[in-house]
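Quick notes on the structure that follows.
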Amino acid sequence: MIGRTVRGWTREDLAARAARELRDGFYVNLGIGIPTLVSNFISPDIDVTLQSENGMIGLGPYPLEDRVDPDIINAGKETVSELTRTSYVSSADSFGMIRGGHIDVSVLGAMEVAEDGNLANWMVPGRMVKGPGGAMDLVAGVRRIIVLMDHVAKDGTPKFRKTCSLPLTGRNVVDMLITNLAVFERADRQSPFVLKELAPGVSREDVRACTEAAYGEA
Amino acid sequence: MAEKIFDDARSALAGLLFDGMTIAAGGFGLCGIPETLIDALVEAGVGNLTIISNNAGVDNFGLGKLLRTHQVKKMISSYVGENREFERQYLAGELEIEFCPQGTLAERIRAGGAGIPGFYTRTGVGTLIAEGKELKEFEGESFVLERGLVADLAIVKARRGDRYGNLQFHKSARNFNPMVATCGRATVAEVEELVPDGWFDPDAVHTPGVFVQRLILATSNEKRIERRTVRQEEA
Amino acid sequence: MIGRTVRGWTREDLAARAARELRDGFYVNLGIGIPTLVSNFISPDIDVTLQSENGMIGLGPYPLEDRVDPDIINAGKETVSELTRTSYVSSADSFGMIRGGHIDVSVLGAMEVAEDGNLANWMVPGRMVKGPGGAMDLVAGVRRIIVLMDHVAKDGTPKFRKTCSLPLTGRNVVDMLITNLAVFERADRQSPFVLKELAPGVSREDVRACTEAAYGEA
Amino acid sequence: MAEKIFDDARSALAGLLFDGMTIAAGGFGLCGIPETLIDALVEAGVGNLTIISNNAGVDNFGLGKLLRTHQVKKMISSYVGENREFERQYLAGELEIEFCPQGTLAERIRAGGAGIPGFYTRTGVGTLIAEGKELKEFEGESFVLERGLVADLAIVKARRGDRYGNLQFHKSARNFNPMVATCGRATVAEVEELVPDGWFDPDAVHTPGVFVQRLILATSNEKRIERRTVRQEEA
């Protein structure tokens, strides 16, 4: 735990940082919550197509008030709008896309990430379980998984851990971890995570102090 | 010709319902759900149901209506948030749930409709979802065997239908409906609009009539929005 | 073998007899050759939808000369026409329909049928094999399989046999057999075939004499 | 935006070809085959190919052109009649063939594209097709394990396409094309017509652009008919 109060990056900063990972021509699936904000920070110099697992490919921004259509929603059940590229498929075809490795990047939230790339984001034993939704499919199928999360829990417990304490969403699936304090990445799924960037005002020691996972230093 | 169009939901379901049956329902959240047929199931009072549906509706809408009346014994779903009555019944042990990752659920329903009793997927390997299921290695990687799902009755919502049972869905209200339409021993569709013969472009039919035994004009098209998000007019 | 020349039913008769098995509302797949002729004999009192495994549901008759479209063909690669009910699906979806038991009847040709319902219609060892096409999928998935074939081969060898001598297309898949001499049917796939009808001028003894398979008499 | 539309077939295939590669091609018989791209493969001379395609064309048309030039090592097909050169090469031991029932082939291609390494089917159980393959019982019935197929390159023919790679097929020329489009590590489409942005009804796109990396305007649309059958005008 860090003695002094270190805030690091805001939610918007996390989203903006994740957006920098996107490349021209990418097909991208954004999870619910902070990951949804990523779409606000995509560079105008690149063209990215957003996919939503309920079967919409080519998500536009939230609709104007008078254009809301209850039949046009994203996987977070939010009303969205269409683009000229938009198409719809069934859920089976949508997850065929995901499972078959046709989506380049998924940005997801997490409760815990482990140093071996394990991810937990769907249940807390003892609490009512709402179900995995599409998260297990996304981490199993999308080519690159970027996780956005707070570096520590509200009680200060590290969330980037040696092993996940919570039931897993997927094993060895995380490629990049962006927390409010730092960015960790690994070359491939056989490699360890390496600390790549620090939030302003955050030192390597700060990060080390509130991380349980082993990681390399760039 | 064998008449597929029925006068109302009650007559369309007549003879197809029995206690303890399995019903698959289309829809994602409250989007593309067969509202009219769900109401008719509540009215029919058929009980002890196993429901295959991605979600469980909300407290007073969608499949939540069938939960409120305690007609459901078990749900096979990927996500059941947004439903307090569900939570209460589950914690009280009144309701069983089989969680299934969303893509696996979609594929299981498709497989059931397509005569495929099982398939392998990477999804869920190494998690609670794979516990008790067979694993198999393909090229050194582990996959879990998931089973096809069939239902005694499938209920779907479509934008348009014709008297042959051909269906067209509307935008993201398509979601689970096309697979669900294939997995029922009997399939009943409700449509927002009945169109005349030949109205459909044959290239633009989503579900061919072979999958639909009965259809009705939907009388409930409330289409409740779960999260109304809007933007302001750009300057 | 029958000593005197017994012709029995013609190709058209076989097709007409098969057509009598169709019921109002049925979805039917017709194989190549004689089975294709069945469509000419469907009673005007019933409504039947023809499905073709290349993804056409609702096949119309051959087109008028000026309406031929190379993109509208049946599984026999013949040009056909559309009806108001017609729709198209992919081959995967089309065979989903077939394998999933959504087609009521398939009428197929055969080289041999065995008394246990085995069917051989795709290869002759020593001859160039052209492949199974969709026949194996049809016999495995369609609810009821009706076979049309000559009762004996050109050399007089019985084609309705104790066991098939040729490589199988499917095991225990034939529900009804219509030959130029007789009609055989069975109550279900656990039951033996029963002789149901005789072609004009054909006796029970004639049929017995040129059949190797065991079957019941109605 | 990353440009998907290429000037011609040769440039669209540039960098994607290598000897010994696996190529999946859409089409049923001569219907819906990527004529332009097949010609470009002949021209490119890439050899030792494994071709996944329901059929093998005819002697001088379709995939038959690649057989004539001895570019093909192996075919994975359901039916290869109507091709004498095929027969000659096969009998001479110059060509391998893996026969696959048509529905199983369609499903294997779909599975490959959808990340499913294997599935069970009743098709072929108890026949030569199932020999050497794993069997498994589900509810007392035997099913055979069939494997998903992926290709280094997938080539498809569509009626229309836009610059995002969205495709629409035409009538029974759809056939294997939608699945083939999903099973390629790279997918190149040829279209009869390039349509402007927003031309497609989003509900009527058959193959979303995510599956298509490159596309060209087809220059060969001969669409040879194998069996021209017609009826006379009714009296």
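Going in written order, the chains are labelled A, B, C and D, and every chain counts its residues from 1.
Just so we're on the same page, contacts are C-beta pairs under 8 Å (C-beta built on N, C-alpha and C of every residue); 3 or more make two chains touch, one makes a residue touch a chain.
The shown structure was predicted, so the numbers you read here are calculated from the model rather than taken from an experiment.
Contact with both chain A and chain D is made by B.
A count of contacting C-beta pairs for C-D and for B-C identifies C-D as the more extensively joined pair.
Greatest Cα centroid separation from chain D: this falls to A. Chain A and chain C have Cα centroids separated by 55 Å.
Centroids of chain C and chain D (each the mean of its C-alpha atoms) stand 28 Å apart.
Distance from the chain B centre to the chain D centre is 32 Å, each centre being the mean of its Cα atoms. Averaged C-alpha coordinates give centres for chain B and chain C that are 36 Å from one another. Multi-chain contact residues, meaning those touching two or more other chains, occur in chain D at positions 107, 110, 114-116, 121-122, 169-171, 174, 202-203, 206. Multi-chain contact residues, meaning those touching two or more other chains, occur in chain C at positions 82, 88-89, 95-96, 98-99, 140-141. Inter-chain contacts occur between A-B, A-D, B-C, B-D, C-D.
Taken in their complex, chain D has these residues touching chain A: 1-2, 110, 112-116, 162, 164, 166, 182, 197-198, 200, 202-203, 205, 208-211. Taken in their complex, chain D has these residues touching chain C: 28-32, 54, 77-81, 87, 90-91, 97, 99, 101-104, 106-107, 109-110, 121-129, 159, 169-179, 206, 223-233.
Contact residues on chain A toward chain B in their complex (touch as defined above): 52-56, 61-65, 68-80, 82, 88-92, 94-96, 98-99, 123, 128-137, 140-141, 167-171. For chain C in complex with chain B, the residues that touch the partner chain are 24-25, 27, 46-47, 49, 51, 57-58, 82, 84-89, 95-103, 140-141.
Those residues of chain D that touch chain B in the complex are listed here as 107, 111, 114-122, 136, 138-139, 141, 143, 147, 168-171, 174, 201-204, 206.
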